[in-house]
Amino acid sequence: QMAEAITEPVTISFYNYNLASAGIGREATLELIAKFEEANPNVKVEPIGAPSNEVLSRVQADMVAGLDVDVAQLVFRDLIYAAEELGAQPLEDVAGDELAKHALGFVPAGLALGEVDGKTYGLAYVFSTPVMFINRDLFKQAGLDPDQPPRTWEEVKTAGKAIAEKTGKHGFFPGAYGPTDGTFVYQSIVMSNGGGKVRDGNTLTFADKDQADAVAMLRDLMDSGAHARIDVGAHMDTFQSGNLGMFLYTSAILNRMESAAQGNFELGLAPMPSFGEKPTAPTNSGSAVFMFSQDPVKQRAAWELMKFLTSDEAYTIITSKIGYLPLRPGIVNDERYLKGWLEQNPKYRANLEQLDRLTPNVAFGGPNYRQVENMMKDAMTEAVFGSGDPRQVLKAAQEQAQPLMPAN
Amino acid sequence: MASINIRSVSKTYGKTLAVNGIDLHVEDGAFVVILGPSGCGKSTLLRMIAGLEDITSGEIAVDEKVVNDLQPAKRGCAMVFQNYALYPHMTVAQNIGYALKVSGIARRDRDERVARIASTLGLTHLLDRKPSQLSGGQRQRVAMGRAMVRSPGIFLFDEPLSNLDAQLRIQMRLEIKRLHRELRTTSVFVTHDQVEAMTLADKLVVMNGGRIEQAGSPSEVFRKPQSRFVANFLGSPPMNFLPATIDGSGRAVIGGNLVPWPQLVFDLPRGTRIELAFRPGSAVVAPLDGASAALPFALELTEDLGTEHHLHGKVAGTAVAITLPAGKNIPATPFAIAIASEDMHAFQVEGGQRVAPSRATPETIMKHGAAA
Amino acid sequence: MASINIRSVSKTYGKTLAVNGIDLHVEDGAFVVILGPSGCGKSTLLRMIAGLEDITSGEIAVDEKVVNDLQPAKRGCAMVFQNYALYPHMTVAQNIGYALKVSGIARRDRDERVARIASTLGLTHLLDRKPSQLSGGQRQRVAMGRAMVRSPGIFLFDEPLSNLDAQLRIQMRLEIKRLHRELRTTSVFVTHDQVEAMTLADKLVVMNGGRIEQAGSPSEVFRKPQSRFVANFLGSPPMNFLPATIDGSGRAVIGGNLVPWPQLVFDLPRGTRIELAFRPGSAVVAPLDGASAALPFALELTEDLGTEHHLHGKVAGTAVAITLPAGKNIPATPFAIAIASEDMHAFQVEGGQRVAPSRATPETIMKHGAAA
Amino acid sequence: MSHTAIATSMPIATPRLPRITLRAFEPWLYLAPALAVLIVWTYVPLLEAFELSFYQWNMLPRSQPRYVGFDNYLNLLNLPDMQQAVINTVLYTVGLLPLSVGVPLVVALLTAQLTGPARNLYRGLIFVPMIVAPIVAAIVWRWLLNEDHGLANQWLRSFGFDTIGFLRDPDVALWTLVWITGWKLIGFSTLLFAAADSAINPSYIEAARMDGATSWQIVRDIRVPLLSPTILLLSLMTVLFGAQWSFVYINALTGGGPLRSTTNVYYLMWEYGFKTMSAGWSTAAGMLVFLVFGLVALVCLALMKKLAVYDD
Amino acid sequence: MTTSPNTRRFAAHLVMIGLSALAIFPVYWMVQTSFRPESEVFSTALWPATPTLENYRRVIEVMPIFGILWNTVLMAAATTAAQVVTGLLAAWALVRWRFPGGRLAHSLIALSWLVPFQVVMIPNYVLATRLGLLDTIAGLVVPNAAAAFAVLVLYNAMRGFPREVVEAARMDGAGSLRTLIEVVIPNLRAPIASVSILCFISAWNEYFWPLLLIRKIENSVVQIGLQFFMSQEGNDWGLLMAAATLASLPILLIYLVLQRQVVESFMKSGIR
C-alpha cells in the first residue's frame, strides 16, 4: 500500500515514448508534466524519452542496471510481460479504492485494457483505434461517392478495384504489416470476424477458422487487385503522396495526414469496415502507464502522476493536441473540455464512434512472447502477400510458435 | 639483330631537361654501354629507345625505320630491368613465356621455347619456382631469359647487375658477354659501374648531364679521355688532377714552381689554367732528389688491398692517390713520384676539354733535363 | 674508447643458428672489420654488441664489464646503419642532435656540439635540410655525425657504404679511416665488400655460417688464408682453384698428369684430394714449351679494364682467370701460365683447411727441374 | 673530443632480475589501454554472454535464471526463416562483392589512367556516400526508389519501362538492399584499390609493355594479380561484415520482408535474439554470430595466405 | 584492343561521371528536399518550386540542433582521439617487441572486431550506469576507446616503418615511448590521418549505443536527433531532411575542404 500523502520532495522517473520524437506529442506531454508538477509541487518528474519500440528495452535495461523505474508508458503488446516479468505493480493492491474511484467515467472497456488475470497493471493512457483514411479525390476520379465510404469488406473490395482500375493508383491498404506496426490493425480485423482472438489462454488460435478466414479475406482483396501491393514500410508515404485510396491505420496519425493532404488532396475519414453485418472490434493501439515503484512514497507520487495523466484535463490536451482518443467519453460533450474542439474537427467523430465497441488488444505472455508475435505477424503477412494457401501458412506458423508459449 | 640510329633526341620532364640532343649510332650486333653518373639521363635514353617514354624531340630509328610512335613491343626490343621486374605472381616458366603467350603462340610451342631458353641459361630445374624463391643471380638469369625469348633484334639493359654482390656480378657479367657472343644481338647496356662498362662494351658512351661526353672503344675512352669529366669518371681510384698554369713558354707549372714535364708544350696563352692528370697506376716511385721530373709526394695513408697498395697523399697541396703492386715495398718517406709524359693528360679548367701538348724541340729538352 | 670482449656468443632465431659460438677480442682503439657473405651472421653479431638483439648464450663485455643486459644506449656504442636510418622527419641538425636531446642536454650546448660535428664532416651548410633532400654521400656523413655526437666509446658500422656508388664509396671509406685516425674510437665495421675490409681493417675477421673462419691482419688473411672459404672470398677476381690429387711421393697432380710444383711435398696420404689455388695476379705468362712448371692456358675471353686485363680461360678443364697489367700485350695463343710456388695455396677438399706443403729436398728439385 | 660525457653517463649496472621483469612487462604497458577497453567492454561481456546463453532469463534481479542447455541455440537454429536467412546471407555476400570489390577495382583502374584534378575529383565524389549516415542513406534511397512517388521509377516510366518494386517485389528487394549497402562502400574500396594500384612498381607494367601486352592484358595478367592482397582483404571484409553492413538497411527499410526475402542471419538474430527481452536468446544469437563468423574468418585468412601475391 | 588512349580516357570519364552522379545524387536529394514546403515533399521535380527555409527554422526551434552537433563533434573527436591513441600504443607494442603472449594479444584484438555489438550492449549499459556514465558524452566515448580496426591498420603501417630507424633511436638512448612519439608517429601521418578519418566517420554515424545511453535531448548526438523526427506515427519528411542535412553538413564540409588530403592520405597510408 502506498503512502497517504507526499510530504517531502520526491523525484520519480517517467519513461515515455511521445517524448522521443519532435512534434505535438512531445509538446503536449511536456505540457502535461509541467501542469502536474505545478499541481504537485513536491513531486519532480524526470522524463526519459525512448522510441515506442525501444521503450520496453530501456525500462528493462535500466532495471538490470539498478536504476529506479517509477512510471513507464508501455505499449499494450508488452502488457503481460510488464506484469509478470518486470514487476509492474497491480494497481488494485497499491491504490486500493482510489483505482475504482478514478475509473469512474472511463469507457466501459477502459480498465480492462490493462488487466492481466483480473488485476489492473496498466492504466490505459494514450490510445487510438484503426480508422479508414480516405483520399476523396481518388474516390471522385474513380466515380465513387466519397461521402459514402465502404462500410463492409465487400464494399472495400469493389471500391478498391474501381480506384485501381480507373485511376491507376492503389485501392486499399491496411497498416497491418511491416516493421513499423504492432499487431493491432491485424487483431482488429481478425476479431471483427466473429470475435475469435489470436490466442486462447496459452493456446495459439490465430489459425483457427474465423481468424484465418479474416486473413483469407485480405488475401482475396489482394488477389482481386483492390489491396495494394506496395512497400509495406512506406504505406504512409504512399497515402500522403496521394497514391492510395483507402488506408486503414491508427487514428493517431490523423494530424499528420491532414497536414500532408493540405493542398494535395481532400482527406476523408471512415470507421473501419466490417465483415457483413458482424460488428467491428476496433482494437486499441497505443499505450498504458505502468507503475514500477517499490517505495510507498514514490508509489504515491507515481499514482498521482498516473491519475493526472488520465484525468479529464489531461485527455482534453491529449485528444485535442495529439489526436489520441479520450478514455473518458464524458468530456466530449463538456463545454469545459472537448466540445468546442470537436465542433471544429467533425472528422474525428468517426473515430469516437468506435470507442463503444473498443476491444482490448491481445498480448502474449511468457518469456518468448516477442518471438511468438513475430512468427504470427510474419505468417499473416506471408498469407496475404505470398502465393501459398493462407490457411496453411497460418497453421504451419501456429504449430511452430506454440512450443514457445508458456505451458498451460 | 638491328641497328639503332638516335638523332638529336631530347627529353624534358616538365622543366627538367633529362636528355639533351643526343646523336648516337648503334651498329647491328654491337654491344654499346652507356656509362654515366646518377641522373645523367641514361635510363631516360634507354627508355626512349624501348618506347616506354615519349620522345620530346628528335627521332629514333631501328633499322632505318623511325619508331618514335611505335608501341614498345613493336620495336623488336627486349629489356632487362635493374630490379629485374619479374612478375612476382608467375613462375619462372610463366615469366619467360609471358611475351609468347601475349602474342598468341600456342601452348606447346611456347613451352618448347621456354624450355630451350631455360636450358641455355641453366634454369631448367627452376621453372616452377616463383621469383621470390630465387637467389639474386637466378633472378637475373630469368630476366635475361624473358628478354631473350622473343628473339628480339635489340637487348636493352638498365643496370641489370647493380643489385648483385661483387662475385655474382663478375659471374653474370661474363655470362652476358658470352651470350652476346653467341647471339650477336645488338645490345645497349646502361650502367654506372665503370668496370662493367669497360669489360662489356664494344663501344662505350659516357654521358653527363643529358649529353654524350665521349663515345668510342673502351680503351680509347679510358686511355684518351676527351674531357676532365670522362677522365675523372673512369678508373678506380680515379685519376689525379694537379692544377697547373701555363707559363710563358707554354709549359705547365704546378704549385708555382714545379715543371715536371718540361718537354710538353701547350699551345695556350700564358696564365691559362689547366689540370694535369694521371692515373694512380701510372706513377712510379722516384727518389726525392730534386729532379724536376719527379713530384714530391707527402704520404698520408696507405691502403693494402692485397693485390696492390693504394697510397694516398699530397702533391703540391693537392690530394693524390697512387697504386703500387702488392709485391713492391712501400718506400720510406719522404719520396717522390714520376709519371711518364705519355701517361699524362691535360684538361682545361674552363670547360674541361682535353688539351694535347706538342712535344718540345730536342734543344728544349736538353736545356731542362731528360724525361724519365 | 673501449675494448670489447666477446666470449662464446651464440644467437638462435627460432631454429636458425645465426651466430655460433663466437670468441673475439677487440682492443681499445682498434678498427675491426667483419667480413663475410650474406646471411653469415655479421649483422647479428654487431647488433648483439650494440644491444639491439638479445644474446642467446655467451657474454659480451665492454671494458671488461659484461653488458649482456644493458640497454643499447647505456653501452657507450653508436651505430651507423646500412641505409643510414636517418630520422626522415628531422633536419640534419635534429638528426645529429637527437641523442643529446634525449639525454637532456640544454639546447645551447647541443647546438654547439652539433655545429662542431657538422663542421668536422663538412655538413654545416646542410644543417636545415631533411634527409630526403640529401645525396647519398651526404646522408652517409649525417649518419656518421649522429654516431659521433655522443662521443661513444665504440663505433659500430653495418655496411654503411653499400648503398653508395663506387667513387663515393672510396671517398667515404677514406673519410672513415681519417676519422678513426683522429678519434681513435674502437670500431667494428661489418661489410661484405672485401676492398673495404682490406683497406679499413686493423684486424680482419672473416665469418661464415655463424662462425669465425679466420681473424688477423688484412695482409695475413689475404696472403695466408686458413681455409678455402677465406681464400675464395678475398680478392677480385677470386682465387683460382685447381683440383689435384696427392700421388705416392706426396706431390700434387693436376688433371691426371700435370705436376707443376714438383718441389712441394704434402704430408698427406696418397689419393687425398686437394685444391691448389693461386690469385689471378700471381700468374705470369710462360711459353707453352711443355716445361712441367707451366700450366697450358686455353684463353676464352679477354676483358680490358683499362688498368689491367682479365684473361678468362681453362687450365686442365677448370675455369681460371688471370690478370695482366695494362701495359703488357696479351700473348698470342696458345700459351701457358706459371705461378711461383710461394704464391701457391693448397686446401683440402674435405673440410677446406689449408694444408702447408714442405719443401722437397734439393735433390728432388734437381730431378724435376728448377722453379721459375 | 672529450669522452668524459660517456664515462659519466654510463650508470652502474642495476641488479639483473628486476630489469628483466620490467622489460618483459613493457609491451604490456602499451597494450594495456587497448586491451583493458576491449576486455572490460567486449570480452568480459562476451564470456558472460556465453554463460547466459545456456539459461532462460531476462536478467532482472527479481527473476531466477533457468538452465536450459542448448535450447536457446536450438530454438534459433530451428527458426522458420533460418534456412532462408542463410541463403540470403550468401546472396548478400555474393551481391555485395561486385560493389565492394568489382566496381571499385574497375573504377580504380579506370581512374588510374586519368590525370590531374579530374582523378581526385572522381575519387572524392565517389567517397561521399561513405560519410552519409546509414539511416539517412536508407531513408533517401527508400524515397528515390518508391514505386509511386520515387524518382527512379518515374524515370523508368518516362523511358517507357515498367516500374520496379524495388523494395516491394520479393525478387528485387534483396538486390535493392545490396545496392544501397554497396553504394556506401564503393568509395572506400576505390580509395584502397587506388592506393594499392599506385603502389605497384611501374617496372612490372613496363616489362609487360615490352613483352607486348595490351593494356587490357596488363590489367588482367599483371595489375589485377598484384592487387590480389587488396582484393582478398576486401572480399574477406565483405564476407565477414556484409551481413552486418546490410543489417542497418534491412532494419530501416524492409524488416526482412517482403516475404522474408531480405532477411539475413544477422537480422534474424537481431529480430529473435537481441531485440527481444530474453537474455538467453540474445546471447545465444550473439555467440552463434561470433563463432560462425570467427570460423569463416579463420578459413578466409588461411585462404588468403595461399592466394595473395605479395610483392616485396 | 585497338582503342586509342584517347578513346579509353573518354570512356573512363563517361563511366566516372555516371558513377559520381550516382554517388552524390541521394545526397543532393536530401539537401533539396530539406528546402521543400510540406505540400511539395512528395513531388518528383528536381528542385522545389517554392524553396523555403521553414524546415530549418522548425528544426532549430524544436531541437537544440547546434548543441547536439557540438556534442557529436565532441564525441566523435574524443572517440577518434582515443581510438588512435590506444591503437598507436597497442600497435607499437606488437611491432616493437616480440614477446610471449604477443600473438595472443594480437588475435584477441583482431577477434574483438567480430563480436556483435548487440551481445555486449546490455552488460555495457549496466557497467556504464554503475560508472556514472549514463547520459554523458564520456559514456559514449569510453566503451569505444579502443577499436580493433585502428590497431590493425596502425600495426600494418608501423610494420612498414624501417626497423633501423627505430633502432637508431634506441641507440640514441630514446626510450620506447619517446621513440614512438618523436620518431615513429611523425612519420606515420598519412596512415594516422586515414585511420582518424574512418574512426571519425564511424563515430559520427554511431547509432545504437547513444540510443541506449542518452536520455536527454540536450545530451544527444545527431543520429539520435534524427530519430527525433521519425516515429511509429510517420516521419516528418521536411524536418527530417533538414535535420539530416544539418547532421551531414559538418562532416561533409570537412570532407569537401580536405578532400584532396583525405584521398592523398589514403594513397600514402599503405592501407592495402
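Brief remarks on what is shown
The chains carry the letters A, B, C, D and E, assigned in the order they are written, with residues numbered from 1 in each.
By definition in this document, a contact is a pair of C-beta atoms (placed from the backbone, for glycine too) under 8 Å apart; a residue touches a chain by one contact, two chains touch by 3 or more.
Just so it is clear, the model here is predicted, and its values are computed rather than measured.
Minimum number of contact steps separating subunit B from subunit E: 2. Distance between Cα centroids is largest for the pairing of subunit B with A. Here C-E and A-E are compared, and the pair linked by more C-beta contacts is A-E.
Averaging C-alpha coordinates per chain and comparing to subunit C, the farthest chain turns out to be A. Subunit B and subunit C have Cα centroids separated by 26 Å. Chain geometry summary: the mean Cα position of subunit B and that of subunit D are 56 Å apart.
Averaged Cα coordinates give subunit A a centre that lies 92 Å from the centre of subunit C.
Shared interface positions of subunit A, i.e. residues touching 2 or more other chains, are given as 57, 64, 66, 237, 241.
Each of the following residues of subunit E touches two or more other chains: 42, 122, 227, 235. Each of residues 59, 143, 149, 214 in subunit D touches at least two other chains.
The touching residues of subunit A, counted against subunit E in their complex, run 17, 20-23, 25-26, 48-49, 51-54, 57-58, 61-62, 64-67, 180-181, 236-237, 240-242, 250, 252-253, 256, 259-260, 262-264. Per the touch definition, subunit D reaches subunit E in the complex via residues 24, 26-38, 40-46, 48-49, 59, 103, 106-107, 110-111, 113-114, 118, 120-137, 139-141, 143-144, 149-151, 154, 183, 186-187, 191-192, 194-196, 198-199, 214-216, 229-230, 233, 240, 244, 248, 266, 269-270, 273-274, 279, 282-283, 285-287, 289-290, 293-294, 297. Taken together, the subunit B residues at the contact with subunit D in this complex read 47, 50-52, 71-74, 77-79, 81-83, 85-89, 98-99, 102-103, 132, 146, 150. Subunit C makes touch with subunit B in their complex at residues 37-38, 165-167, 170, 174, 177-178, 181, 192-195, 198-199, 218-219, 222-223, 234-238, 279, 281, 301, 303-307, 310, 312, 326. Residue ranges on subunit E touching subunit A, taken from their complex, read 38-39, 41-42, 62-63, 122, 125-126, 129-130, 134, 211-212, 215, 217, 227-236, 239.
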